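Chain naming follows the written order as A, B, C, D and E, and within any one chain the residues start at number 1.
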């Protein structure tokens, strides 16, 4: 494989990381944030494998008939990537389930709205309204679907 | 420039385009599919980089399983219906 | 087990006992006996008293040893605690408990204070010193915080000051360790003065700030008056009498023993025009004047006395900073003298409060007919506070004045005189508004304070009078303290001092004074003079004839004319400064909260990563 | 808007800095201090033809244990987040079954996936693939029928047993080495003939455990996702 | 002691967690505590054994640079002990539906295993795996209170944490790219030639940011107040008390072994200072006790970062003292806050309803701000004397920051104490303060914090005795050469491995 191809892959991996992180920072939608995270992880994995690549080498599998002394690529980064991929999917599942629950409770996927609702809930729990404190937390009570005015009110309260 | 290099270049561009699509597609389900495709593309890179184990895993886990997870979650989030999704984008209205 | 071990164990034992059965009637007796025992033990032991136990921790030796300087303060501490204890153990304590407060905690706080101060006074190295210092601060906090909501709030105001001071001291401590390699006081007294001027100045600044906060020197004095005044009665007496003096003790050790005054005088600002020693002297002088005139404005007897407590501290420091035999003796003697009459005065005010329920100078008056003994205590006390013969306050102040004159500091002398003037004015306000004038209707049935109050009060003023007549009794302790500190020792006699440049013999002065009274009385009665008893309610004031049913007592707008003149000078600059610091802290806190409530933490992470990487790559 | 461009700028800057760092030494010629040593020794000491497998299960076996635990923790956490607070199973799911093709397809696919999954797992030490990949296939095999016919449920209890026992088997294999006075997770049972199915000592066993564990965890994750919650 | 037993501190809790759902209901509640007790005993034994000489276990029996190494010096052993004990004290005993309780217990066990793994691991990527394990379990536990606010907070935490891990992974990639190995001892050996350059520092910085998420490092700690305010108190206690310390310990190990560079120390110092300032000042204005404690813990960890930035054994000793002290105090405070969660105004008169709780709070507050004979003072003393001994002015500035923020800390902590001991609210607020038993402490929380208080007082009394072991531990931990020599007895064999 040529120098050019390696550089292309390097740029690809780094761009994937950059796109992922950029998307993660800029997205307000919870679902999109999860997607962006998995993009960035894919980029990081690619980077790791790229680091272990060795030119003119074969995959680290000893095939019958081949000499044991053949040059092979570095197996350790590959093992690390295997681990990292599985870790990534576990975290992704967890994040998705949290997003689902948060969506069910707050009726939105917008991070900013959710954050302000969360702040309100925390202050509520901190004693502003005894009724919504410890014994009846916001997650337990059926929330009405948020209508536009309510949202505006929330935004106003936040600002 | 060798053919192999050109193919790799094109694939990289495609994967990056897929990543862009995952971020900019209005339809979140489509975005999830784009993410899975990016994973698939990356797994091809793994094959090129002599990492068949990783490629297999990335294809199975990154593209397949995680795509499935995303799709299921998107269903729970009501993203399969596009009009609802648009509502939730700008007003957070829920019809769940 | 040697004497210091015994002393400290007794103190610790008392703390334990107070926790266990401080609320019972037996405890005050036990504590009284133990305090007396401690006094005897302390007075009778040979110096220096070294503790048998010592620790080594993180490579530092921690030990305790009591020398003459510490013993002087320890004696005053235990004496003040004894008086407060007796006071607390009687009717006052019963009332206090009936009001829903915990006497157990009050006793425990008092015992804790004594233990902490003994530990501080007997520290042999800076770590032991800091332990004692912090314990004193927090035990003081405990004592201040009891006695209701206002006391608690005043005590909480003390927290930032105490902590700021402690941290300044701790900073000084670690710098000392880093620069000299030792924390042992004896070792430091040899090494510290050899440090360079810059290092010494920094150490001086840190330590002096820390110590002067405790002492209530300007500009760190704002916490003291409310914290001391609002504490529970005997607690106020104890705190006022000795607590703040721990700062003086520490300053004494620092300035005289460790750094030596001559080295302090080397630290010059503005081309040598002004040295650190001058600065300290002027701070002390301003501390005499400003708080004293703030006291003049107070309408609460407790606050009035507490503000005086701050002002009187200035005399003590001024004396020590002068550094000659007379001045330092005056400063040190003033600690003892002040403790006696301040405790007596505070106890008297609380006796009045006990009977009338108020210390508001605008709603008292005429109590002399109902509480004559308390009146006597207060009268003698204010004479002492104002620094007039025959009380002991005169002696110490005289020594300081004399030192200022002899050392050629006329401006400082002027300041002290202004301060004394303010003292006289304000203590007159105190006694006039409380005891003179006409009795208010609601105080018609007031009785004299119970014996548990009058006995300690009287004992204290008698002590103040006796040491006023024969200051040599106290000066022997002072001389010992001077010797321990390394100051020139005052040549004293029983009646005062003897020196080629002017002696003082209180025996003569008091003799002449009383002889004067006697001669006056002889002349008066010999010339056929007659006294006529006038009823208290016989109104005659400034040409107005009021009928007997109108109660008349001039207390509102006391010194209205004077206040009209000097009123604009009260600017509240220090209060402004304090609230400015508080607002700045608040502002910083809001900013930080805003930081933690930001919308996209990932963005911060990204920015941090980029900046950090950039820094690492291109540095 | 400023934030948007700023963020993009910083993301690009991050990538650029990484580019600078990663081009500071030539790609394609790794240092491979540990890697080369592993390549040299793996065949002899571990006996797995697939050296990545040797690394994953033998040299870095504890990583894999950690990874399994992460999946386990994630599945448990998802259960905690999505599960019902009172532990009662939802009854009578209202969702209609999937289309005919899906149903028929899943019926056909189930045995196929099962076979493929196990094949991938047991050949993990020889060819590319192994416990993770096979586990995913197994998970898919069990989840597809549920997707096709939502009324069908896979017993959570059975899943829990598989999960627990598979994880236990992995640790137990490690502890067995401890018991026979080797280090934890040391390979046992000899290396065998390189390239044979029954080679690599305990490696296939470990991979089987990994496969079952991964399959069970992922299946339970996916099933959690499919379970609609009634009346939240 | 056979070093093979080291593996048990990780394997046993994991085994128990896997098997927990399969254990008969009767015994199920006993499994976790029993296993933790065993781990504690192991930790104790390891500590005894490692004080003289560190123990090394090559997992799987592969020689060190190839396989993964578990390295137990006295610090690691002590932290294993601490992990087991603190987890035991914060064990979720009940108060939940059976199924969820199982899950929480499983997660707690896995968390204990992950923390133990973090302390003993001697391999960079293995550290990453255990770190992720700890992260995922703490996400699960944080979401375990099942309120919507908790779920949003946890989601934000997951995103930030995952991004951090990603950066850490990139950092590890960089290190592997340059040095071709992951073993910490091997890296330490190679570092002077390969890693003490911008690339190495960049990698360190990325790992620092990544691990810093858990260690509440400034810049990446914004999750802490949200999560601690919404999670259950004992979970907050675990995260603030335990998990943060272990991330900190890993950073410290990296710093000591691989990156003993002034630049790395500077970064740590600056971030630590900013963390202290931001945390303590933000806590100054906090209106509810949980977030106040969260911010205060950020400040305390900032102090620990500052401490580890001091070179040599002095810094390690100070950092350990601060970390251990905080490990005892903060969980106890969170336990106390379990029922006091709420606005500070609601605490009015709490001392009357729960005198022991209030007294314990005051005790912990005093220790936290470093009032002398309590252990907090010695920690602060070690920190400050270490800082004062450094010639660099930045260290003196850090000392100043520590002093100033301590004052702020004292003010807000004692404001709370004042509210608790003050009068109860009257009039309209009365209804608010007296809602149910909101101010009384549950017995288990009180007992838990009582145990912590006993530990604290014991440490105060035994301070002179603890000084020597602490010094020895610090020397052991800060001796990078000994670590290398112990793990890689002969580096000669490696040159053969290199191409």
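Observations
Note that a residue touches a chain if its C-beta (ideal position, glycine included) is under 8 Å from a C-beta of that chain, and two chains touch if they have at least 3 such contacts.
The structure displayed is predicted, hence computed values, not measured ones.
Both chain B and chain C are touched by A, D. Annotation of chain A and chain E: jointly contacted by C, D, touch as defined at the top. When every chain is reduced to the mean of its CA atoms, the largest separation from chain B belongs to C. The chain closest to the protein's centre is E, with centres computed as averages of CA atoms. Contact tally for A-C versus A-D: the pair with more C-beta pairs in contact is A-D. Computed from the mean C-alpha positions, the centre of chain D lies at a distance of 30 Å from the centre of chain E. A straight line joining the Cα centres of chain C and chain E is 45 Å long. Distance between chain centres (mean CA atoms), chain A to chain B: 13 Å.
Centroids built from CA atoms put chain D at 74 Å from chain C.
In chain D, the residues touching two or more other chains are 3, 7, 11, 14, 17-18, 21-22, 30, 32, 34-36, 38, 50, 52, 59-60, 63, 66-67, 70, 73-74, 77, 81, 128, 132, 218, 221, 225. Multi-chain contact residues, meaning those touching two or more other chains, occur in chain E at positions 125, 129, 132, 136, 139-140, 143, 146, 151, 156, 159, 163, 170, 177, 180, 182, 198, 202.
Each of residues 51-54, 57, 61, 65, 69, 73, 76 in chain B touches at least two other chains. Interchain contacts (touch definition given at top) occur between A-B, A-C, A-D, A-E, B-D, C-D, C-E, D-E.
Interface residues of chain A, counted against chain C in their complex, comprise 21, 24-25, 111-112, 115, 119. Put simply, chain D touches chain A in their complex at residues 3-4, 7-8, 11-12, 14-15, 18-19, 22-23, 27-30, 32, 34-36, 38-39, 42-43, 49-52, 54-56, 59-60, 63-64, 66-67, 70-71, 73-75, 77-78, 81-82, 126-128, 132, 194-195, 214, 218, 221, 224-225, 229, 232.
In the complex of the two chains, the chain D residues touching chain B come out as 50, 52-53, 128-130, 132-133, 136-137, 139-140, 143, 218, 221-222, 225-226, 228. For chain A in complex with chain E, the residues that touch the partner chain are 17, 21, 24, 30, 33, 37, 40-41, 44, 47-48, 51-52, 74, 76-77, 80, 83-84, 87, 90-91, 94-95, 98-99, 101-102, 105-106, 111, 114-115, 117-118, 121-123, 125-128, 130, 133-135, 137-140, 143.
Residues 597, 599-600, 602-603, 606 of chain C are the ones that touch chain A when the two sit in their complex.
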